[in-house]
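Both complexes below contain chain A, partnered by chain B and then by chain C.
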Partner chain A sequence: MKKLLSVLSLMIVATMVLTACGGAVTPAATQPPAVETEAPVATEAPATEASVDANALPRNETLYFNGQQWGPVVGWNPYSNSNNNALAIAQQDSARVIMFETPYLYNMLDGKQYPLLADGDYAWDEGMTEVTFKIKAAAKWSDGTPVTAEDVAYTWATAVKYDTPLAAANKDYVDTIEAKDAQTVVVKAVLGDDGKAKNPLLVNAYLSTNYVIQKAWTQTLEARSADATALLADPAEDVVYSGPYGKFFADDSKVVYVRNDEYWGQDASMWGKLPAPKYLAHTIFKDNAAGSVALAQGEVDVSQQFNSNIQVLWLNYGLPVSTYLPEAPYGIGASLPTAFYNLKSYGLDNVAVRKAIAMAVDYPTIIANAMTNQSATFDQVPRSLMNPTAGEQALYDHDAVKDLQWAGNDVAGAIALLEEAGVTDTDGDGWRELDGQKLTYIATCPNGWSDWQAAIEIVAAAGKKIGIDITTNYPEWSVYQTVVTASDADLPEGYDILMMWSDGAGPTQPWGRIRKLMSSEFVGMASNWNGNWGQYSNPAADELINAIPTMTDESELKAAYTELVKIYLTDVPSFTLMYRPQAFHAVNESVWTNFPHDGDGTNPPVPPLDMTDGWSIAGLYNLTLVNP
Partner chain B sequence: MKGYRKYFFNKLAWYLVTFVFAFILNFILPRLMPGDPVAAIVARFAQGMSNATGVQAIYQQYTELFGTNKPMLEQFFIYVKNVMRGDFGFSFSQYPRTVADVLKSSIWWTAALQFPAIIVGWIIGNTLGALAAYRKGGFDKVLMPVSIFVSSLPPFGMAVILLVIFGIGLKWFPTSGGYGFDLIPSFTWSFMWSVIVHYQLPFWSLVLIAVGGQAIGMRSMAIYELNADYVKYARFMGIKDRKIIGYVFRNAMLPQITGLALAIGTMVGGALVAEIIFSYPGLGSTIFTAVMGGDYPLISATTLIITVMVLAANFIIEILYGFIDPRIKAAQAD
Partner chain C sequence: MKHTLRQIFRSGKFVFGFSIFVGILLIVIIYPLIITNHPLEIVGQGTFFPPGVYVNVYDSLGSTSYTLMLEDAAAKRIASKLSEGDRTAIKEWLVKAGIPEGEIDTADTEKLLDQWVNNYDPNKNIPGMTNAKRNYFIRLNNSLKGLLSTEGVSIAVKNTETGALEESDFVGQSEYVNVSQVASVRVLPLGTDNFGRDVLTELVAATRVSLQIGFVAGTIATLIGLALGLLAGYVGGLVDDIIMFITNLFTVIPTFVLLILISFSIGQDKRGPFAIAVVIGLTAWFWTARAVRAQVISLRNRDHVNLSKLSGHSIAHIIIADILPYIASYVVMALILQISAGILAEAGLSILGLGPRTTEVPTLGLMMNWAMIYQAQILGKWWAYFPVIVVIALIAFSLNLMNTGLDQVFNPALRD
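The block that comes next holds the complex of A and B.
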């Protein structure tokens, strides 16, 4: 009896365990094809089956993204910066232009600005005080009315009137924008002491960074908003746009944009056709791991997130996944994640100490571990202030700074440098002292930013190799950013070597990046989100940074940039740890193909920016289906 | 009945006092965290801004808007006044969405995932535990180690195991989302089916762990009760087994019910791990981001909901105890 009972109980447990899984398993297990047709989870569910259901997004009419939208979309208001509507609204160096459009599109590969809403190139007047450009006659809003110069002017006027982020960012350089006639826009620059534009670079950048918003809709918005705060908080579900896609659906799980088949850009004066996907959809993943799984499963076509060891997907699993470059570094590096020295920390005011630490760091390991080789090495692209793009690399004299560059892992060189500077271990404890005081530092970055943390650990290890005691500490981002951006006071204890970002590619680069790495204008700001977080100050560098925007002579420009690189590599106020792409760009070609790749023959070349940013949107017009 | 009324009002008074303190703590504690949430928001806005003073202007605009520049006491009274009207204000991290809107859009996912998981886990676990205690022998010998093994798996471990086996390996279930990545919510069969299929892995990752813990707890409680004097006495008296088990089950269940009440009370806190691993919609990760980003209004609102639910669940349980177990009422009423 007892035996029977135990057999029985075994069976009960087994059944329980099975029900635990089985309750769920049975339906799907018995009819996997049904799952595919009814809820097309499979990667290649044919459109004919999917289109039976009016509520589904047909797989071969939809392009899926990840890595751009984190968290639910909050609104559709192009005046505001707080919509968290990443695929639609991002006014940046390469502006995101699927829904709202800029007069020009920046192409990070050739550094040029190409007309979008604008008709032909813009032109500065003789006295360098204003820029003139025309609006394309074909350009239309989603409500069918034409885009006019008045819209451009009114967008700026509204920004200034309500002091929106756009105005705050540009009013030091852009004075007024006027409509000369229906098509002609005149942008008047803020003038410097010499009667010329104070910063023509930033005025040029304005034209490819900022959206044109419809005047009529803006007036509707103003009419229903009590004040500036209300205007910026308006979710703007009724917004009128000029771009190829508009809102289709948004909830906590995803956001979907649908093509406007009346889009003006199919006119011969622009693209001559509509973009290939009818829908752009972005599933909201909660972390990179979930996004990577979806990319591998073919539920994501274009991935703008860090996929660790991305090459494994095609090398080991044979998936049709690829990146812009077939080999490491897989993408085009654009920004320079950088470790800043707190120049007020004891001993870090000594240039030998700063340079020695930077020389001893094992950069190849940072690039291999933190970036899984998705960064060029410093042997491939020697350190300067430039990103690895050919355009920027050509802007300085490589030979002139050769002796100042270092590729890392140079422990012997670093030790020699310290010895020479008199930074030695005087009390025999294994750690070096400067004037009798032990050199001990804390290197830091935000907690949970795993690639940065890996890099900072290697910086700390470099210190140990040369007898400088560096430990690590990782505050939460909410704390870290508050401390680091308070440039009106000295950095507190615990922030001796800190990691932050730098600018990527854009129409003002590399000037903008250099300014943010070296200019002393940010020292003293209570909320400094620009750069120079170590609070470096060098009048010679400031002077060059101020002079470059108005320089037009190429050799003069090159000399200035070379001089800045020299100063940077000599003073070492901060040091680049790796190169990072402007945007990650990996594609799964299960459904769509003909994505931008290096050497794909496009002219002008389509940059690897997920086909949403700047000139990369041209890629959407080239896509074709694997199985039409 | 007089004793019972005294017991009732006594409890009620204590719960009100607890609520007031919890309410104050809900407000104060998040605001004592280091870091400046407004700076975090400004960080988002300031990307790509080339103008120095512009960022500063935005920062001031938002501290003004969120009232974080006011003294804490003043903020508290504004908060109390608004909460009285059911207004929890703007979420900092999802501005300009209101806290109410954020909660409304995800609370149903959380409730629909957590509530059934808690109940199913509790019922299966307790039944198994009681059976193990009563049957002993083989059933117990198999169930105990299995339960201990399952309940000691960390939640993320269970979720990842299920994900890898049933999602990636066998491909029986989707790996992420609350419904098909290629669907739009609607009242259609394909959508409903998709929701059901997507529900399974997060659901069972919660249930399996709950079952183990409940079974272990119930088993030891039941064994303890089975050896109690009243059971032996009842046996001597020749009372039927089934009747005795009824008594045992009722007595052994008391602490388990408290556990159930707590679990239900805290369920709006969300199944963070399941949500993150399966990218499942819900409040868990919303609260997590709110905490990391110092989104005071959202933290205060969710912790307030949790407080109210825990207090209410406990209160109801305590009142029910009075009926289930007269000893408690008697002891408390003295």
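The block that comes next holds the complex of A and C.
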């Protein structure tokens, strides 16, 4: 019996170890989750019979991705936010346009919007009340019918009618969209008190952010949907699209898109040819580690995930892997992952405490360790509200805010600041007190978001160096997101310093990012997916944020941005921990080559956004085979 | 007692297991007395520095320099920058750039580099060359600069007033420093981890915490199992039925799943090492209870127990004086296995991200967890995870070996 039990227990132990070793590792990086306000709608994962076996795609005709699609595809409905169809549907600053198309394409490298479905540039009328643009005559749907202005108008009308996420996000700025004739679209803006568009920036952004959906198909969809919920929940297997790729295969292991060889874009008025790969395929990996292995082995061509220490792949293993920039930071920083202070926490209403913590943080270590150098440092790009792109950096007066910026690791400076503000250790326990109460905080970010967790650990370490007790805590994302986005109440205990993202690059930036970092309009919002999660409020900042969208004079604009940076660096409602690319972009040139990279000679330059987002889709037309 | 101990220490297996375990214990106790660095101190700015001796470059400039005339120094320097693969790649490039293949000799370093320097142009477009390869040549070109130079390098200081560089020192190619004379040297026998912490120091601290977790978990599990087993076995009847009902319930639920669910529901803010140990202990007692009960049932009708009952002793007295001594050896063995299982359970939980709250204390499982998150196993950074596996294996191995040794001593059926 004893023997048997020992054997049994050993077996239990062995199974424990085995299960543990094979167990799930939480995804290592923090892919910025899509801002979804609804619960995902469960519908059957679609699957079609195909003449080419989706599990044996010809390698020389297929471009493989990772890091975009997690979990099986739910649907193909461009009205819905819950398709979990990452490669096909993402209406964002640089919209994903392989299947559905926007009138314009945003290029984060030069900040311009280039026509896609649209013909030529858009134009505002004299009174700044409406935007007019034309639809290309060549533009066709996948069913062969032409794309018309009526489709653009009906897309917006449907969004408003059923109150889809698209309408919710834009109806404060876009009033109506009308078809003047078959090719001409007029977008009427919501007007402000002065009789001009309330926010022309967001109207411009609408044109490169949101898809045009076919009117005829929408009517079919409406006919079979009982109500708005049913319309949004429809998996839309029969959807008609205008982009170069459509559905080929989808199950819980992969999703494959096939090129539409009749694609209108081969017309001389657009690309003049078809994109190079016949198939786009995305294997659904368990986690980042699995995706990294596949990238290293050449099973993935384009990687949109955080591959830690990616340089090891070429330096040590000699693999044909490369990134947009050949050396660190390897990509173009676009967003500013930021630690927000809960301004209601005891002592964090004191600006000296906020600034001291931010000054003491060892940012070089965050960038070197948490981000494995895949971020510019604050010595290279001093902190402001702008991302590291040249366009945004030029928008504020660097010399005017020089004295306010800090590069971090300044323990002595932080201590001096605290001493000066009277925040001292009065009872000799090694921790500082403010009016007799010990300063103790919890810094937090979602569990499993490893680079953020590593960064938060370094923030906590900074606190200890200056005598402020900061400990860390990592709730699950499901909990974290509900707590942090409930801006209609004070943040609960345990959320003193919290990490969230900020906007990346887009047609409204840097204004959109600044608004989401500082504007008090989000305080009091029950489901705040925008920003300002620490609930900061400053009328001077609000006024500037409201004024910028209608400013046209460049020097006036620069003065306003400089003032906002000043306010931000003086008040320290939050502080940026690192710069992060809009999307990670690493490629393996085992099969395909000629991917976009710095200095590749493309004009306009193709941005490193995996050749799926915004103007970066131009990269798909440049690809060639390594061994044709 | 003395006799038993002598017998135990005569078992080769036990002694072997015991020495490994004591060795680990001694390292855990003595190491922190010598190396007093905080185990969670971030020393490296960067991830996964390889094991080795780190010599401060700045300090070595200021140290006494010695001239050694080593003939192979230049050859070594060249070999470290220009491998065979690099030479072949250079040849390929030159051929594609139009140099006749016959003119290129990869063995002649000087000529090869000469051809390279004269012909290489980073902007030249070589058909069919990938961007990865182009980057490789740019890096190679940079690392080859001045490779064949026989001159040393100047160290310059920036004049704070004029901003001009002023030579302050000159380093010749045959100058050496003695490592023991350099002011700042740090030995990182196992390199650093993803946070830039010294892995060896962290590993020792983690082993201590993991052992503590194992002891606490093992003790709790054994105490609960022992108490319930004794009670069920000796009292019998309804008490036995109830206890066995609960025990059987626990037996059929997979422990690890239970462990995961409990750890998850505690929430991370309350998951300290002690809490985890208690949770592990609370989910691991049932097989001890079953085994103890079975033994007690076979003991309770022995003559000496009946005699004790007739003498009017209380249940507690009978259990402690007449039953416990007979199963004591078994309990010790069970405890050893429970400790080993506790350590493994912590490692398993932590790898899943459900271990003790991250980075307040290191544990073996947390070290594995972070190494895996930062993909050490894919990037070949073995020092971040392999030593941890070895330590876990050694602890489990030594404890199980001790258990087997004890089994041979106490179990007459197994005695040689």
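Worth pointing out:
FYI, the second predicted complex is superposed on the first by the 573 of 628 C-alpha atoms of A that agree within 3 Å, B and C clash if a C-alpha of one lies under 4 Å from a C-alpha of the other, contacts with A are read in each partner's own complex, and residues count from 1 in each chain.
Just so we're on the same page, contacts are C-beta pairs under 8 Å (C-beta built on N, C-alpha and C of every residue); 3 or more make two chains touch, one makes a residue touch a chain.
Please read all numbers here as calculations on a predicted model, not as lab measurements.
Touch criterion met: A:293 reaches chain B and chain C at once. Using the contact criterion defined above for the overlaid structures, shared-chain residue A:527 touches chain B, although it does not reach chain C. Once the two complexes are overlaid on the shared chain, A:474 sits against chain C while remaining clear of chain B. In the overlay built on the shared chain, the residue A:494 is in contact with chain C alone; chain B does not reach it.
Using the contact criterion defined above for the overlaid structures, shared-chain residue A:413 touches neither chain B nor chain C, since it reaches no partner. With the contact threshold set out at the top, residues 2-3, 5-6, 8-10, 12-13, 16-17, 20-21, 23-25, 28, 289, 293 of chain A are in contact with chain B in one structure and with chain C in the other. Only residues 1-3, 5-6, 8-10, 12-13, 15-17, 19-21, 23-26, 28, 288-289, 292-293, 296, 307-309, 312, 314, 316-322, 326, 362, 364-365, 368-369, 372-373, 442, 447-448, 450, 453-454, 457-458, 461, 471-475, 494, 587, 589, 593-595, 597, 600, 626 of chain A touch chain C when the two sit together in their complex.
By the touch rule above, chain C contacts chain A in their complex via residues 42, 44-48, 85, 128, 130-133, 135-136, 138-139, 194-196, 255-256, 267-269, 287, 290-291, 294-295, 330, 333, 337, 340-341, 344-345, 347-349, 351-353, 357-360, 369-370, 372-375, 377-380, 396, 400, 403-404, 407, 411, 414. Within the complex, the chain A residues that touch chain B are 2-3, 5-10, 12-13, 16-17, 20-21, 23-25, 27-29, 32, 35, 38-41, 45, 50, 53, 55-59, 62, 64, 71-72, 74-75, 80-82, 84, 91-93, 163, 165, 167-173, 202, 205, 209, 229, 232-235, 249, 251-254, 256, 281, 283-287, 289-290, 293-294, 297, 299, 476-479, 481-482, 485, 508, 512, 521-522, 525-530.
Contacts from chain B toward chain A in the complex involve residues 33-37, 39-59, 61, 65, 93-97, 105-106, 109, 124, 128, 131, 135, 137-143, 146, 166-168, 172-186, 188-191, 193-194, 197, 200-201, 203-204, 207-208, 211, 275-279, 281, 285, 289, 292-294.
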